[in-house]
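Got some structures for you, see below.
Next come two complexes built around chain A: one with chain B, the other with chain C.
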Partner chain A sequence: MTFTIPIDNGDALKNAEADSQRTLYPYVTGTSIVAIKYKDGVLMASDMGGSYGSTLRYKNIERVKAIGKHSLLGASGEISDFQEILRYLDELVLNDNMWDDGNSLGPKEVHNYLTRVMYNRRNKFNPLWNTLVLGGVKNGESYLGMVSMIGVSFEDNHVATGFGNHLARPILRDEWRADLSFEDGVKLLEKCMRVLLYRDRSAINKLQIAKITEEGVTVSQPYSLKTFWEFQAFHNPTAGAQGSW
Partner chain B sequence: MTKQHANWSPYDNNGGTCVAIAGSDYCVIAADTRMSTGYSILSRDYSKIHNCKADKAVLSSSGFQADVKALQKVLKSRHLVYQHQHNKQMSCPAMAQLLSNTLYFKRFFPYYAFNVLGGLDEEGKGCVFTYDAVGSYEKVGYSAQGSGSTLIMPFLDNQLKSPSPLLLPAQDAITPLSEPEAVDLVKTVFASATERDIYTGDKLEIMILKADGIRTEVMELRKTLSECWQHTLSIVLIRISTLGSLCYLELCLKFSCVVNRFSFSYL
Partner chain C sequence: MDPNFKLFDTCDLDTQGLIAALNATTDAFYVSGAGLGLRIETAGCGGLTRKEPPERETTAGKRKASDEEEEEEEERLNKKMFRNQYDTDVTTWSPTGRLFQVEYAMEAVKQGSAAIGLRSRSHVVLACVNKAQSELSSHQKKIFKVDDHIGVAIAGLTADGRVLSRYMRSEAINHSFTYESPLPVGRLVVHLADKAQVCTQRSWKRPYGVGLLVGGLDESGAHLYYNCPSGNYFEYQAFAIGSRSQAAKTYLERRFESFADSSREDLIKDAILAVRETLQGETLKSSLCTVSVLGVGEPFHFLDQETIQNVIDTFEKVADEEEGEGEAEPAAPAEEGGDGTGDQDVAPMET
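Let's look at the complex of A and B:
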């Protein structure tokens, strides 16, 4: 029985196998995240699915997590890369707590840190295959931003990743207001998630909505949306053109 | 086994246009605030102008915004170090050289950033430097970079009539226009570029640098195709009206109201 000695992959130039260490394509992916600022803070919605290509392999993945006291991180894309980002952030928050100086990392700082991490990984041609949404409240100020896998980042009153950017953002541009109450915010997010459920094949009907305010983070229990499939127009779709494709 | 190549690109073009015009004692730097990716809009309120914390130089960059942000951070920190070492702020020509060197430093994995640096030189005259992605630069009287540059640059060439750079003795390319006229020209070119370039629009941010400080103006631009024609049209027409009579202007505005109502379907 042969015993293979692990090769030191530090010298990437000489060792061709080092390439297999890079992310080339994602394997287990999460679909969209939709988030909005509202009156008291930020609301973030995501479904709990993890797709393995076209198979809906995992149906209990939490894609929104609390970071420190003031932030919420939501991720779409490769789930394993998201878990690695959570490990980086754990270390960041730990070091921040060790200072024990009464100050704590706010959402702006975490967003900046994540932007730098994503950009640096992109520079090394080994990206973290995620689009991240960072929301939070600190000292009464709400903050909501997004970072893509190549390091493009921005902040806005409402953000959505993946399909959400195409389907949810137009709804948000039309209906978002600065003084949304919690109930109205949730209704608005549910409206977006319902559209995604109908139209995004990797979406599942099991979602969580996370809320962050000055008081702290609350992640809802998973629940499903009511859907309606009896629209008359879809009952006999070829009625107007029998025999055609 | 053949080497697997990555099927993603480290670059993306987030669009946008930047313009700068140099005057005898001012400099105008302007950029739109739209950030796009592919055919989607990511943000309608993203600033492409960076202060550098220097009161004589302002950088505006379009292109790949992650690279732009990294580039702006590098310049900001180099400027801070310069201030600590020399006990003064960097002059605009010095910042211009620094930007060129910074860009060339990444010659073999470039910053995908198309820059326009504007400011006041040592004599208080406006100066504009225009760059390509790897750092070659030139001092000019005006410049446009980004997705709308091909639409704007020819118009600026026509309106600002730059002297040939081949002339000897070298002639200054600074425009004789007054500051309000230059700002008005900038608003006009952006309104026009917004019409035909899908990556330019939403809002226009204008920074005017003078010896006594920096002033910022924001102007709304067309957001979609079916928006108010009147708004864009009226800006262009006000310029024309300075040549023609007032009743001609009135007629055009009335026409634009009709156009707004009727041409909705094929706008």
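Let's look at the complex of A and C:
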């Protein structure tokens, strides 16, 4: 196996050779992430699939990771770019720990750092093709925010990426409350994930839910949702499709 | 102590008397004359030397009031810092393991007018003495805001202090921009110290000639640090730097144990009292000092003259009345204990 040494061809926009060096489209992608603030912290759900175009190629990809002591990062989009971001954050957290001075990076700091990184890459026309969800708890305060691949960043009580924006957020807008217990929060997330499972082509039925509180991070073991396929409409799906329309 | 040196304790000598006294001894040291533009060349161990008067904080190189100059002569003589063959370069070690240029840089800090810092658990107060070059000029700025939660007071070469303040502001704002969060002051002082260390290890640089009292907040509360031209930094409950800072330090040493739990108002009062110590008899007026405060829930800001004067009035009232009337009543400001009641008055020194 040969390895190519990375070549810096200069400006990713003007230089012809450099064109091959910048991100043009994603290859292996993860689908939605859905996250909510609840009573004790933040809950984040994602499935474990990595699609290669329309093929559901990888079924064991963890798309939610703990960052430092106080944060959780979930990503949809290009998996290799997510791994690159994890490396940047690893270095960030390492340097923070090396100070060993009682100060530590909280979720707000990590979120802003990521916003800077994503926006700067976008400005160079070489984006990290991800939508990131950053949740965490520090000093009793919960934090939940999102950054897109073009550097759009905001905080909210509930966020979702990709298809989740269209299918999950309406549910959350109706049913989210600030004082959700852990069980209710999980039930709400499962409701959203079930809809995504039925309606999102790139979703697979193997999900993880991660929780972060003042005490720390827990990521659940992968599990499946119960689905029901005996709806009348599924028995004869083309029943209403007469003619060429 | 050599009996000849007793002459310098009172700071009462005029230039002629000083030179006469020096001629009477045969030890080697150098001195700069006041007012006459005199440079004295002396011979002794280390060879014949000719020294310019050291650069003052008021950079035009003018002479300061004679008693301050005499005080630093006294300090220098007492320390016996002689010229020697290892002090030309910052990159030359002496046989006893010292870097003389770095030590000389620390001397520059002592030339500047006093700066004082104290902290409680939640607040930091920085205060300094405003000395102007002449009646015509304004006083030098010695306290700088670095960020809402960090302030710095300098003593020494003001130009170096200004440059380092700009560096600190830049570090603070870059951190704030990237992380949307205030830079912990403990990390800032390490950056500063590393920057100062570089200048002690390059033959084409010189150490910064300024001491910095950095006060700020981070997750663990309020902190006060002193950054030295040598690249060292120390954390303090209270500290004073610059000329006649020893008097302030003595005052602070007596009271520092109570500072951690002090209220904001008491901390300010202590700072102003410490400033008064460095004035050594000169009447304390709000125009003579600058005071700044920062704390939890309180961004860095300067206290205005009126507020400072009000604090001064609470303890100078008795002394002021006495000065005005010229009576020999005891001064007894509330804080000073142990001086007895009838035997001290606060008349200015006799120079």
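A few points about this structure:
Assume the second predicted complex is superposed on the first by the 219 of 245 C-alpha atoms of A that agree within 3 Å, B and C clash if a C-alpha of one lies under 4 Å from a C-alpha of the other, contacts with A are read in each partner's own complex, and residues count from 1 in each chain.
Here, a residue touches a chain if its C-beta (ideal position, glycine included) is under 8 Å from a C-beta of that chain, and two chains touch if they have at least 3 such contacts.
These numbers come from a predicted model, not from an experiment.
Overlaying the two complexes via chain A leaves chain B and chain C side by side, clear of any clash. Of the two partner chains placed around the shared chain by superposition, chain B is the only one that A:Asp156 touches, whereas chain C remains out of contact.
In the superposition on chain A, A:Pro127 makes contact with chain B only, not with chain C. With both structures placed on the common chain, the touch criterion links A:Leu24 to chain B but leaves chain C unconnected.
In the overlay built on the shared chain, the residue A:Glu109 is in contact with chain C alone; chain B does not reach it.
Touch criterion met: A:Trp99 reaches chain C, while chain B stays clear of it.
Of the two partners chain B and chain C, more residues of chain A are touched by B. Judged by the touch definition given at the top, the superposed model places A:Gly164 against neither chain B nor chain C. Note on the superposed arrangement: chain B and chain C approach each other to a least C-alpha distance of 7 Å.
With the contact threshold set out at the top, not one residue of chain A is in contact with chain B in one structure and with chain C in the other.
Taken together, the chain C residues at the contact with chain A in this complex read 177-181, 184, 186-187, 218-220. Listing the residues of chain A that touch chain B in their complex gives 16, 19-20, 22, 24-25, 115, 119, 122-123, 125, 127, 146, 148-156, 165-166, 169.
Against chain C, in their complex, chain A makes its touches with residues 99, 101-106, 108-109, 111-113, 116. Only residues 3-4, 6-12, 14, 35, 37, 40-43, 45-46, 64-66, 69-70, 109 of chain B touch chain A when the two sit together in their complex.
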